[in-house]
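Given below, in the form of structure tokens, are the structures.
In the two complexes below, chain A is the common chain; its partner is chain B in one and chain C in the other.
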Partner chain A sequence: MSVEETLQAQEGLAASATALGTAEQKTKDNPNPQMGEQYRPSLATRILGGGVGLSIGAMIAAFIVGGLLIAVTDSKTQQASQYFFARPSDTLIYGWRAASEAYVALFQGSIFNFEANTFVRQINPLFETLTVSIPLILAGLAVAIAFRTGLFNIGAQGQIILGAIFATFVAINFNFPLVVTLLLIIIGGLLGGAIWGGLVGLLKAKTGAHEVILSIMLNYIAVYLLQYLLKNSLQRPGNTNPISPIFEDNAIFPRIFGDGTPFRLHWGFVLALAAVFFVSWLLNRSTIGFRLRAVGANPGAAKNAGISVSAGYILVMSIAGALAGLAGALQVSGTEKVLNTGVAASFGFDAITVALLGRSTPWGTFFAALLYGAFRAGGTNMQVSTGTPIDLVLVVQALIVLFIAAPPLVRAIFRLPDPAKPRKKSAKKKASQKAVEAK
Partner chain B sequence: MSTAVLDTPREEKTEIVKNWKNPTILSVIAVISLILLGFRAPAKQVTFRLGDGIRWADIPNLQIPAVAYGWVAAVVMIALALFSLVLMNRGKKMPLILNVVFWFFFISGILVWAIGSASSSNVSLVSILSGALALSIPMIFGSMGGLLCERSGVVNIAIEGQLLFGAFSAVLVGSMTDSPWAGLLAAMIGGVLVSLILATFSIKYLVDQTIVGVVVNVLVSGLTGFFFTRILQANPAELNSAPKLPGFEIPVLSQIPVVGPVLFNQSVLIYLMYIVVGLIWFALNKSKWGLRTRAVGEHPKAADTLGVNVNRLRFSNVLMAGAVAGMGGAFFTLVSVSTFNADMTSGQGYIALAALIFGRWKPLGALMASLLFGFSLQMQFVLSGLGTTIPTELLAMLPYVVTILAVAGLVGRSRGPAASGKPYIKG
Partner chain C sequence: MKLELRGVTKKFGDFTANDSIDLVVEPGTVHTLLGENGAGKSTLMNVVYGLYEPTEGEILIDDQPVTFNGPSDAMNAGIGMVHQHFMLVPVFTVAENVALGSEATKGVSLDLATTRKKIREISDQYGFEVDPDAVVEDLPVGVQQRVEIIKALVRDAEVLILDEPTAVLTPSETDQLLGIMDQLRQDGKSLLFISHKLREVRAISNDITVIRRGKVVGKADPTVSTNELATMMVGKNVQLVVDKEEAHTNSDTFEVKDLSLVAPNGVPLLKNVNFTVHGGEILAVAGVQGNGQTELTEAIIGLQPKATGSLKLGETELMGKSTKQILRAGVGFVPEDRSTDGLVGSFSISENLILDLFDRKEFSRAATLNRSAISKNADRAIEEFDIRVGHKNDAAATLSGGNQQKIVVARELTRDLKLFVASQPTRGVDVGSIEFIHKRIVAERDKGVPVIIVSTELDEVYALADRIAVFFHGELMGIAPADTPRGVLGQMMAGATYEEALASADFGSDVGTGAATVEQSENNLPWAEGENR
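Entry: the complex of A and B
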């Protein structure tokens, strides 16, 4: 047995011991004497009722609601429903067809297109998903890290824009070799976002102003600043539209698989992945992260323990802003290769739901961002090929988060067991059995 | 959120520092105004037409030389800022009325300066102001909806969703029944439905209120966008063209110069707004319901001890808030234009939230803040219509910058309802 394995085994033991301890405590603390008998949830209960089961249940429920929406608004289904009582099967068949076609298109646009002729084309949607998810990962982290410190960063949108502005400024004005320019672009993006986010943290810490209001206002200011700059110093020469010059080759992140393939995925994805590792380390392994989490968990207690709450707010908002700013920089110099007014799309707002879905953990946010990237990439294909509006994707996304946020609801829908409580039914059964035995 | 916890220990320590914020900010604004309004004033006469809509007399136009007015405004503002610094040095606050004077000169100074730098400097004051009032309607209703929620302890980020769904329901039902009144009723019901989600998840399932609010906004944006493309656009003549709410003139009152046509010759929704704001102000401050609502928002446990059913009151207040905000949504499709468009509320729900906080969670404060936002929105339209040389983007930024300054400087010390955002679990 190697050292690592021993350690792991010990950790496992310790974990099960603490689990047992809490279980025992629970039964001890249980105020209800009738349920005093030892209750330990079975493995199936824990899996079905815990995080995984809930997430899957929430997704299924959200997709079912989305499917119903597609079916109900489908014109053929509506026609068939007029003679529903004469031949109900028609309505159901048309409805099923409309919903399944849309979802197949969603899948084909986001993961694997089995209708394409070459393998490269078939697998291309997956890489499109990864490309789209880059800004979502970074902005999602920006929201998540602030959440963990007890702040609601609704301003990722503005931070993305500022990052993009700074990056574009670098790209237009400096003409260095590729690596140097890209490094400057990254620094610019980080800096731009950090200023915008740090401003929120600073004002919150120094004046006590509410961060939600500050970031909403800064979002609008960023939008107008972008519009202004695109008509002035950042505008493409000889153009009246609000658009920047196309980036030179030395200011563009190269594609990971080279220019020969159709895959748009660029090295920015690796940076985003690195950011996930960084935030994960920062939050879970570093002193700073510990302080930030302490501030988030209980600012009063953190203050009493000698942790500066103000410094925590300023720091975390700067880091969050820098992450979102990097998203903006990668978006202009990796994916779009140009700056226009739509650079931030709705990434900053999607990032909020991404962070919520990922429960504000770095890796949770990463996978949630991949899922949202898939929705975004697939939604476009769904709209083009089946005419189902991409807004459906928003509905499904919102429903997933709502369902996940309210576990009792999903448990009620799917009759999943609740790991925290013994099943009421079985308890009742036992009670009735006892009653019978007593008789 | 965590602010309330944090503010308690900090307040005593930084009391003196915080008091310096208002004078400092006034001074900064005054100096900027001196540079902008005084030194960079356009050498022009600005003409305000005052007589529109008045039938009984011929009211002369107001002619203002931009340079002179700019200097007067800047000097008055500097004087007031200095006065507030002197007062603060003696540990006193500047009286509210002088603050109002300061902001009046700032806003009117900017107005004169901006119109003076346009190519046409002859404008109707009545149409500017009545347009501003109309544009602030959704924000006023929205902030009232937010107020009803927050004063009873539920954060309402979902104002945007309530407005949007109100607008959608209004156009759908209004077009189907061909009656704007049915549309208005539908808007209120639409707002209530959105509130129902907010209330169910945040009060029954104890999900974080801010999170529910944000997610509900996404949900409503998606749903209305989906139905708009799928249903409304398929049959725009029958489903997406609602009749407008009628407007009428209140006799006598509407003949007061300037004020009359602005306030009393409007759409019926604006008169409804007066009633709603008045009712909320009265009910909140003078009625049993208001006392209970405020108690539940500040200290739910105390209210519970005295026999108030905290969660039931919160639930009904959130639903009521939906109805109020829904009426604001009706503005978009029953007053402004008569067709729905995807995401047509364009973030005004968030501005309404800002107005609520800017207005210190009070009905009249929120009303004034909403009017300020409406005014600046109107100025963008007016100035781009006049062909101004100032970049409209920078002007458009102004209200947001002012809000940040105000939230950081003026109202930083005020705090929201203590229990806002915290679910109440009995026991």
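Entry: the complex of A and C
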């Protein structure tokens, strides 16, 4: 993705993020007086509170609409539709064929290629998906953990870039044994991202500036800082392109299954998995997470309970930045083995949708990242083997988010129950049962 | 114009907010709808005003059934409403606010002159003294309310609904409002008045309908005693006076010295406040809302970093410490608004019960929460404080106001305290929970802890106080003994010092003549606001 594209994508996201933010503000400022005692969740929590059913429902709906789009844009289907009223079956058959072939190719490119001759080759797409999902998992966590603290981290993109820059600096300048170098690269990545994210938290806490604006501006700075460095201190000697030297072997994460197999999956995946466990503990089991969640769900109550809201903002943005920075480090020294301007691709923005789809829970984010990794890995295969443009994958991704942002629509389509209502009912029933028992 | 409700029922899902309510408001009368917080009064009014569609039943105007699809229909039918929370645009002038929604126009431009003229006419007719060109946010609350009334009258409202109009007024503003209501009545308007303040209700009403839990439980005559009305309203004889013994003070003190606070816009919020609370006594802080009580409690708990002066708990200086340090120093705090400051609605009941205790060693080890200890703590608190919950892991937001408040109180009383500060501890809480919370507060006092209670409900102040501090415009007007008559406190709330108030009460001025003996016998009713009229 070019710089311009990146920045454009960023603006679009910013607009939607601020829209979410203001909507949230509105519900806060203008509570229905009738609801006085009743709980009125913010838009974010309403999206998050939708449950797994909602995420799956949104996915299915998106695939169906995406399938229709594939069918409509297919040239054979279009031709057949010209004599639709004479033989409608042609249009339908061609449409169905186009959509199903595209999805089969997507599946083959991302999970299991049953047309390949050896098992290793058949299963290779799955490992490719896992490899691609590493940065999505980590950046997704970076967005999710901030989201749970009530912050919109649009800055994962910049944090990834900073992590990659720090890691590259380590990789080019230090020549230690493998484990030591990798450790330094990990620390560098964590540190770079933490600085970039922590800066957002610090400015928000101290000056009240909005984190969305801050992180977007820092994304710009990161993008151009990367370009500058790649033309100067990090540039490959004797090269005029903005690209770093190729990493030495002692600065590259080894492949999990060794070099004898085609699997690119490297040990960074294990680190990403460990990060999921860590964030899961942090959010759900640790006192720090308790603090962060309290700040996110009700800053007023947090303050009254002696929890510092500004410290919470700084802390969570540093942690989020560190996670995204690690994504950058693993990307350069695991997958790409070199630093160029495209290191962050669109991971930082995909991470937002990944976190949304995963309802900002660590494991939800993990599986959502795998799904997006599959889209990424399978999209190319789909384009090559069926001619369906890879853009349709992006459309499906966008549709998923669209459906997730409109829970009542998905609930209406799949007749899912409203999470707020039945829970209350059962609580009431239990309470009345208890009352009866007491009598 | 005659307004009649026949069998009006409003359901929200399973919950019946109004259950077949019948009501007639005759022209030229004030009909009062009396009921506790949460009895369904506001819901009913929103049905009448077209904001909600009734599930069953009908609304009749001059014996003709009508249906409203929104407030504009109701307004066109001649119904005006003065909301509990004013629906005014603060930065607009009075005339602009009144014109809003039914602007008179000349071509495409706004014709405010007509509106101004109408405002002056109405203002003169009823003695409102409202300047059409004043900006609303600069006006006192009482005048803002009159703007709301003007808004309704300009639209030729014949039926006026007043939803708890006195909740935000000082005693003298309340009297003015009652005067205005009387004039409107004499003009032949029909007034539907919603309140739970018995003194006002008895002073102004022609008819009284009492509702409880969404049902009409009876009609009453305004001559009925407050005792009877209160009983109808709450359904049982309420004992608001807590059985408490004389305070046994000890040597523990909490001393506030020269506490001052200035708002960013230069308005002083607290002016040189000085007082001392002793261990084993309850100091109740009375006053109309917004006179510095909120800021006082926030300053004590460290949430007003700009406050100056000294807050000494025993030998410890609290000023300048963080909220966390102050809580650690042994201060228990129940904030005024539980939903924004006391609880995290989406957190479970168990989590809310440790909201400010989670990093103590009994609940966490090596930065990891100790789930079983948290769960046990929840079981204990739910049992001890009789919190009615479905399950301890349900979100706190699913509970009723009373049970939510019990969570906050339970949490704060879990620790060993050196000072207990509670702001509006029973606001929006059902009667049963009020009794319970009051008992716990007194129990804390009897343990020898200094207790500060801030309340705008005088009955609560009388029920709990060993001494009463009154605030007006950020100033402490004085500390009065617990048996000070209502009239004297009322004058202090309007800006008189204790001595001044006492002196004028002795001379028998018309505001709340010191009928102390009568009032004290009335004190065992929650809403009996004195019998001064």
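The criterion applied here is as follows: the second predicted complex is superposed on the first by the 356 of 439 C-alpha atoms of A that agree within 3 Å, B and C clash if a C-alpha of one lies under 4 Å from a C-alpha of the other, contacts with A are read in each partner's own complex, and residues count from 1 in each chain.
The rule is short, and it goes like this: a residue touches a chain if its C-beta (ideal position, glycine included) is under 8 Å from a C-beta of that chain, and two chains touch if they have at least 3 such contacts.
Keep in mind the model is a prediction, meaning the values are calculated, not measured.
Considering only the touch criterion stated at the top, classify A:Y228 as touching first (chain B), second (chain C), both, or neither.
Touch partner of A:Y228: chain B, not chain C.
Under the stated touch criterion, which partner chain does A:A167 make contact with: chain B (first), chain C (second), both, or neither?
neither
In the superposed arrangement, which partner chain does A:G300 touch: chain B (first), chain C (second), both, or neither?
both
Going by the contact rule set out at the top, does A:I288 touch chain B (first), chain C (second), both, or neither?
Touch partner of A:I288: chain C, not chain B.
Could you tell me if A:L315 is touching chain B, chain C, both of them or neither one (first, second, both, neither)?
neither
Please report the chain A residues shared by its interface with chain B and its interface with chain C.
298, 300, 303
In the complex, go through chain A and note every residue touching chain B.
Answer in residue numbers: 69, 73, 75, 150-152, 154, 203, 206-210, 212-214, 216-218, 220-221, 224-225, 227-228, 231-232, 296, 298-300, 303, 309, 349, 352-353, 356, 388-389, 391-399, 401-402, 405-406, 408-409.
In their shared complex, at which residues does chain C touch chain A?
Residues 13-14, 38, 42-43, 46, 83-85, 301, 303, 322-328, 333, 335, 337, 339-347, 351, 355-356, 358-359, 364, 367-369, 371, 388-391, 394-395, 397-398, 400-401, 404, 428.
Sort out for me which residues of chain B touch chain A in the complex.
My answer: residues 1-3, 5-10, 18, 21, 157, 197, 201, 205, 207-208, 210-212, 214-216, 218-219, 221-231, 234, 342, 347, 350-351, 353-354, 357-358, 391, 393-394, 396-397, 400-401, 403-404, 407-409, 412-413, 416.
In the complex of these two chains, what residues of chain A are touching chain C?
Result: residues 33-34, 36-39, 41, 45, 281, 285-288, 290-291, 293-294, 297-298, 300-308, 421, 423-428, 430-431, 434 of chain A touch chain C.
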